[in-house]
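Presented sequentially are two complexes of chain A, the first with chain B as partner and the second with chain C.
Coming up: the complex of A and B.
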């Protein structure tokens, strides 16, 4: 397996959006890793590809809080890497499968880990056969806090 | 290299714990991949984590399925994952992957856990977990401790280091 670091950033100030662009079609999958510090506040971590803001993303998730479980599904204007329930630190990862292929919609498998809040597994689909060249991460409410690191890897 | 093998062990005989020590502070993240079976007279079993010799300052949220039920749990706070027990199907081992982000920074460490036991599709637990080690020192050792038993011969554990960086002309904005 070939696992290549493509880009990384550590936020010097809180930010609502981070974008990876000019992604080469060299690999099989992409992996995104977010390590966020405390102070984020309630947020939904969104993923958009190639600046597509249409309702072309669907997801299903399962979640545990330590005392209860839930599952949900929706079609919306972004894929989801997790729901942040509060202000504690968390990490989220996403594997974007076959991102450069033009013969299929794109599947994203995500995991969200918040030891003070919730643990989630999410499966997303972007209903588009274009190769992904841009990945945008965003929080609909509240920002990624200062000190958050976000890294992109390619897997061959 | 972005994904580097740091150390691997396969047990030649049963022992109570597996420890990775003197972990170099040269990577960004760590990943453990584990194949574990225990001597406990049960079907499923589990193991604990210790970081830098400590089993304190952990918090955890887990989500599990057994094939017939689901649930969520927070204890033990230093839960590490599933192993199989002595009463499970022969030659079957639990599988676990644990990812530690930014392990060498002076801050709390978040980690993500995916784990499953195995017993021919019955009485096997699958768990996903969210962990936090709330100590502001770099991780230099990780210990896996079998709950109430030993890990059996042929149990194995592998530690990888992941290094973030830039290549391929990808732009971050």
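Coming up: the complex of A and C.
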């Protein structure tokens, strides 16, 4: 067994932030999965590691809306799992590669699908060689809706 | 309000018994080198696994700029028996590229001390009724680059080996290549 469910929560109330803590260095990669119900738009789904709120993250994204494509890149205070332009249900996954390795900055690959908005692929870097022990997910505006399921998996 | 969550996988946590996704082999480079190979795959895994997945974190040793490529070949075939298609974002625009009847499948990696990552799915590698299809999610955020790639190897033989080789400078120490199997039902 190399793909292990570590933690899952289904929100009983709307929340702007969810944190997975005390993550052991047992695995090779982590995978975060968000399956969100429709609700007030959240703009950006952010990821932070080890409570780092500095501008130590960078991303590049690729997006298609059905009528156009776009790509952007930036350095900012969080990694990005996806941009949610509207209020429809959405799903995002993030692959946090070599999360516990102390010889590398951390690379995060993400895919996002929004029922009425867009489809995206993203690549992020956290410029820190520390092992990741905490993963925080947050919304830029509003909250993750009630009923949203967020899961953390470890890959051996 | 943040909701701190504990972790289920503390000592004593028991995952479900019937797993379908297994780590088969993993290599972390202890020095710089040109390539990595996985061999004898059909012999070892065809009876048990339906699909393969490679999870890769890599960079090359070039320090004069950021970005190079890694090639992937099967069974030592260096003939023009591959095709690939990219959909990629570079931070300012989305591009689509292809290679038709080429000698390898390629994907992006980082250089200049920066790391990149890839998740590579190889579907039905041991089926002898199909040419082989691959799918890659590739990210080199410092280049900047993110890509969705598809690859095709026009050969119905079982995949017995996978070669991953840098097309730039050597693969750097610390690069990691892990092979996983997804079980047949």
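Definition applied: the second predicted complex is superposed on the first by the 153 of 156 C-alpha atoms of A that agree within 3 Å, B and C clash if a C-alpha of one lies under 4 Å from a C-alpha of the other, contacts with A are read in each partner's own complex, and residues count from 1 in each chain.
The rule is simple: a contact is a pair of C-beta atoms (placed from the backbone, for glycine too) under 8 Å apart; a residue touches a chain by one contact, two chains touch by 3 or more.
As the structure is a prediction and not an experimental result, all values here were calculated from the model.
Contacts of A:107 after superposition: chain C is touched, whereas chain B is not reached.
Contacts of A:148 after superposition: neither chain B nor chain C is touched.
By the touch criterion defined above, A:115 reaches chain B but does not reach chain C. In the superposition on chain A, contact of A:37 is made with chain B only, not with chain C. By the touch criterion stated above, A:125 is placed in contact with chain C alone, chain B being left untouched. Touch criterion met: A:90 reaches chain B, while chain C stays clear of it. Contacts of A:80 after superposition on the shared chain: neither chain B nor chain C is touched. In the superposition on chain A, A:67 contacts chain B only, with no contact to chain C. When the shared chain is aligned, chain B and chain C each come close enough to touch A:4.
Overlaid on A, the two complexes show chain B and chain C touching the same residues of chain A, namely 1, 3-7, 9, 18-24, 26, 62-64, 69, 111, 121, 152, 154.
Only residues 1-7, 9, 11, 15-24, 26, 28-29, 58-64, 69-73, 95, 97-98, 101, 103-105, 107-109, 111, 121-125, 136, 152, 154-156 of chain A touch chain C when the two sit together in their complex.
Residues of chain C that touch chain A in their complex: 1-10, 15-16, 19, 21-23, 26, 55, 57, 87-94, 114-119, 137-148, 174, 176, 178, 180. Taken together, the chain A residues at the contact with chain B in this complex read 1, 3-9, 18-24, 26, 33, 35, 37-38, 62-69, 88-91, 93, 111-121, 147, 149-154.
Residues 2-3, 28-29, 59-64, 70-74, 99, 101-102, 107-108, 110-114, 128-132, 162-173 of chain B are the ones that touch chain A when the two sit in their complex.
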